[in-house]
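Only one structure is covered here, and it is reproduced in the block below.
Letters A, B, C and D mark the chains as written, and numbering starts fresh at 1 in each.
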Amino acid sequence: MPDKAKVLLDPHFRKMTEIFSAADLERLHATADVVWGRDEPMPAEDARRELSEATAVVCSEWRYGPLPDETPHLRAVISVSGAFPNALDYQACRARGIRVLSAAPAFGRQVAEMALGLALASCREIAAGDAAMRAGDERWLHAGNATTFMLYDQPVGFIGYGALARSLQPLLAPFGVRIRAYDPWLADGFLRRQGVEPVSLTELLEASRFVFVLAAPSSENRALLSRDLLERVRPDAVVVLVSRAHVVDFDALTELVLAGRFRAAIDVFPDEPLAPDHPIRRARGAVLSAHRAGSVREGMWDIGEMVVDDLEAIAAGLPPRRLLAAEPELVGRVVSGQGTKR
Amino acid sequence: MPDKAKVLLDPHFRKMTEIFSAADLERLHATADVVWGRDEPMPAEDARRELSEATAVVCSEWRYGPLPDETPHLRAVISVSGAFPNALDYQACRARGIRVLSAAPAFGRQVAEMALGLALASCREIAAGDAAMRAGDERWLHAGNATTFMLYDQPVGFIGYGALARSLQPLLAPFGVRIRAYDPWLADGFLRRQGVEPVSLTELLEASRFVFVLAAPSSENRALLSRDLLERVRPDAVVVLVSRAHVVDFDALTELVLAGRFRAAIDVFPDEPLAPDHPIRRARGAVLSAHRAGSVREGMWDIGEMVVDDLEAIAAGLPPRRLLAAEPELVGRVVSGQGTKR
Amino acid sequence: MPDKAKVLLDPHFRKMTEIFSAADLERLHATADVVWGRDEPMPAEDARRELSEATAVVCSEWRYGPLPDETPHLRAVISVSGAFPNALDYQACRARGIRVLSAAPAFGRQVAEMALGLALASCREIAAGDAAMRAGDERWLHAGNATTFMLYDQPVGFIGYGALARSLQPLLAPFGVRIRAYDPWLADGFLRRQGVEPVSLTELLEASRFVFVLAAPSSENRALLSRDLLERVRPDAVVVLVSRAHVVDFDALTELVLAGRFRAAIDVFPDEPLAPDHPIRRARGAVLSAHRAGSVREGMWDIGEMVVDDLEAIAAGLPPRRLLAAEPELVGRVVSGQGTKR
Amino acid sequence: MPDKAKVLLDPHFRKMTEIFSAADLERLHATADVVWGRDEPMPAEDARRELSEATAVVCSEWRYGPLPDETPHLRAVISVSGAFPNALDYQACRARGIRVLSAAPAFGRQVAEMALGLALASCREIAAGDAAMRAGDERWLHAGNATTFMLYDQPVGFIGYGALARSLQPLLAPFGVRIRAYDPWLADGFLRRQGVEPVSLTELLEASRFVFVLAAPSSENRALLSRDLLERVRPDAVVVLVSRAHVVDFDALTELVLAGRFRAAIDVFPDEPLAPDHPIRRARGAVLSAHRAGSVREGMWDIGEMVVDDLEAIAAGLPPRRLLAAEPELVGRVVSGQGTKR
């Protein structure tokens, strides 16, 4: 490794100041020689040329062609998005000891907070209640609580037990809820040790009053929540969708919520921006949010903090511990794209 | 004490089924002979006649005139509201060993949950975001988060550290917040031991990004949050008002929120129902709720559970432990009335 | 109340510096005019004379005869021991609005810590293992663990759910144990809400691998753990006795432990000091401690801190919240005496 | 992968029933075809022959020579000890996508429990107190607590922040301690996010009243706690040594504890069994244990549970999540050997 690690920093589509606090940027420069480090995309040829000297690449997508034959110092490719780069040869990376890391964990706290906020907004009718106050047709006290319910002590289901679930779980703990989880990528024993009960998807949907959809999109879970399965949801339940619309039959979800079959709180949609006349916009049983769970300004600095922490570790010859490492079993099964948040 | 305790049960203005689950009602009948036990108010003369045999009175207000000279079995007067009865001779009760209890603790969980939900709805702009989705003028992703912020790691202030605060504190714990508290009825040492930092009201307002107003109304705290003090609130803060409007200069609060000085989430108002043309209804920086934090249907059964638990204790010759006992130092300082929720 | 509260401070048999840190003593003098405040017992006649002006009496026992007819300012009698004073007219106190308070809660943390330490010393054979190392007959690794077991995930029983139990419960929480509790002075509903399962004593003994005896001695629980009941203890269990030997048939306990029926960890004995030839001293299945759970030097300052916190509250016209208030239902049922620690 | 995973199971020096509960063994057979599965060591030639068909090898050391050229199904080499195999070509494993896993995490809970038990036995003088009761020279109550202290609220130091530390941290949480940590293999940012304060070794030793030595032995940390550093330990501190004597200048430790400079609780020694005349055996300020922290019978089944959980994951094409994966940066720096427990 050279005297000082050389880090190729090409965060586009993110902006430098969006992901790095001043303090983290200072730490970064103390740890490594930064190449590029601008908001505009780095020309691919320039990047390729620098790869032979780089210890790490920080990018939002791999736009630099095949790995050069010689990357003697390269130890990590770090994505500042929540997804792993698509156009990267993971096999070659593994053979050369290059870790591929994503900033997915940086979204855990902010998405979990929003998931809880959406769940409470739904069961306690906070958004609808605010709208009623503004329209002047609110109902007071008990009359205003005719159809509300509490989160305390309720059965909860997690669809997907990744970074989002792990961040949400402690927020739910003081409410005394029992959590069932469905995640086909995790062994039952692991789930149990985390304090959740592994169950089938059907059991989860039939048992839970709060269903949190937290699964990252994969090649295996498109429309996992099919119409048939959505029809198993309890009539007194709320479905909180914060990972990706990919995992839900969104037309079925829309119809069922419009029909009053159950409630939903939705942050992600099949097409964004959502069509102005999409019927879900009129659903009284829904709380809607324009994909805002994972992009809070202050929260984005968690990305930079994790990146710099792990670059410090790599520069010191240590394993990175804060970002998420790609695992051979799962790479290729995850579907990348804007907004992946697991 | 007679063979079986006799309980005079006159819950009006609450309804029997509103506060007692079937299971709790069964426990109640197993423990005590119930007198009256209907939704309509018990005629005061009938009640007075039964007092001489009663072990406990369960009511929402004391409508039975002066205590009879002889109440040999009477051990408790229990209010099913969140307030203590007004028209009761507390001195006489104390001298005769009659505890006066209120159901205030039954409101802790539901109000705390709503306080958290309102706080998140404000900082993450959940209500405004939902309204935008319905109006079709929403902004997506980062653009939609231009002015949002997170609860994690923020400085929090509790104005009042009673039952509401004690229920809210564990819900905030996983967010890693530091809590300052102001409560002139509690010694600093007690507050510190609860894990909050006792501070002056001014320091609390200047330091906190989330200000939770949780104080029960008292003869001493009318408009405690005066215009002068409200002007100390941080410009990036949200004031969450869930106990009683009594403790705030509501006109000043309205003006400051309308002027964009800080945000507010408000569940209680000086006059309820609020006037249709009250300017707070138009405040963009506010989340509004029609006094709905403390009357969730499922939550009301906590009242019955606590009442029966404590009647069981009393029938067994034990101290009641779940309801809140009136304390001589504070009775007379609390201002009663509909909706007291501390 | 006079300008400054007058506190009659007569802590004997405790010593001033034993219970008050310098900082707490300073707070005390800032709050009240202190009368006496020496280690020697205050002459009873002097004390009686001062009572008519005193706001509070801080003592270890009531040695001052009947309450004078006029005690216009007296608000509290505070015991610096873990027990309530015996020779006091509680009825008169209640009628005059004088609270009787004990320092029992000050013992919660130190006794709980010792209870956990004793439990671990027993199941992991820490004391026996240390003795073996010194005798040179230790067994290594697995051989040394032939009969040890872990606390994690085990069924635990609490006999008595007072201040000790409430301090012990959080220390056990990270071990993932399920706690059953027996306390005839508490209603089932209260126990359940504390996160413990109310059960009969028999069920508790038959189900628990760790039995913690935490009950304060009362007129009702002498030898509560009779020979018959002790014979229900699981053969793989450890009985941790830290409240008072009063509640156990100590002869039976001794015989059963000597016979290897179960293990015990014992901090309190029927006669202290224990007879030099008492057979329990030879029991291999026991961990023994000379009544040291509740008198750690640093822990004793908790007494002073609580006393001053509550004197500050009383001086401010507020209810005391840190010490334990005598309750009419239970006074007279508690058996006082040196070492009561509930 | 073949229809059913083939697992080469050769646990010697552990025994089958020592590490597998009946239930876990049943799960194992449901998941995989087991080859060998006996307590005796598998002949190396037989093992080599089976490697070409095996999906995983479960062993305590790699005794099978160089990796065969063809191991098309091999996905994991799993050690049932707390260490990674020595005689294994990690580079080749990585290139072929073979994970190397150790059972180190299975020791976390039992060692953490013992570390806490030893710490309490030292500060509360539980072992010494038991010995005094048996010798008949015990001192009662305050006299017996002349030199004891409590764990609550004390400054704590962790030397090493691996699996042991992560298991110990939640056990200490309810004591309200502040934890400083020293671990040169972890970046400061990671440590901070875990709730501990990264500090230098000197600062840790000078600040902590409880010093827990939890570091796995490495080629870099032999006698890390040198005489010079040990002399920085606070005179009122206790040093709890549970990972490996390797990391301490044991002669210096012995001399300092014998001289009464500080206390120690020691589970691991440079030579085991310890020489009968080793002076540490006479140290009054020590609690001694014969390497018994990590071999509790019930705790050993955690190994089997983790192994089977991860074999289930591997058989399902998923990443293993319960055992510890070897990391290229650290392999070769860890010093293996019996009893490594990080």
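In the analysis below, contacts are C-beta pairs under 8 Å (C-beta built on N, C-alpha and C of every residue); 3 or more make two chains touch, one makes a residue touch a chain.
A quick map from chain label to UniProt name: A, B, C, D = Phosphoglycerate dehydrogenase.
None of the values given here were measured: they were computed from a predicted structure.
*Asks:* Going chain by chain, each one touching the next, work out the least steps from chain A to chain C.
*Replies:* When the steps are counted carefully, the minimum from chain A to chain C is 2.
*Asks:* If you average the CA coordinates per chain, which chain's centre is most distant from that of chain A?
*Replies:* Of all chains, C has its centre farthest from that of chain A.
*Asks:* Averaging only over C-alpha atoms, locate the centres of chain B and chain D and give their separation in whole Å.
*Replies:* The mean C-alpha positions of chain B and chain D differ by 50 Å.
*Asks:* Could you state the distance in Å from the CA-based centre of chain A to that of chain B?
*Replies:* 37
*Asks:* Express in whole angstrom the distance between the two chain centres, defined as the mean CA positions of chain A and chain D.
*Replies:* Using C-alpha averages as centres, the distance is 34 Å.
*Asks:* What are the residues of chain D that contact at least two other chains?
*Replies:* Within chain D, no residue contacts more than one other chain.
*Asks:* Could you classify the connectivity of these chains, where an edge means two chains touch, as line, ring, star, complete or other?
*Replies:* Per interface graph, the chains form a ring.
*Asks:* Going by the touch definition at the top, which pairs of chains touch each other?
*Replies:* A-B, A-D, B-C, C-D
*Asks:* With touch defined as at the start, can you tell me which chain D residues reach chain C in the complex?
*Replies:* Chain D reaches chain C through residues 18, 109-110, 113-114, 116-118, 120-121, 124-127, 129-134, 136, 138-142, 144-146, 148-152, 170-171, 173-175, 272-274, 276, 281-282, 287-292, 295-299, 339.
*Asks:* Help me check something: in the complex, which residues belonging to chain A touch chain D?
*Replies:* Residues in contact with chain D: 94-95, 97, 185-190, 193, 305-306, 308-310, 312-313, 316-319, 321-322, 327-330.
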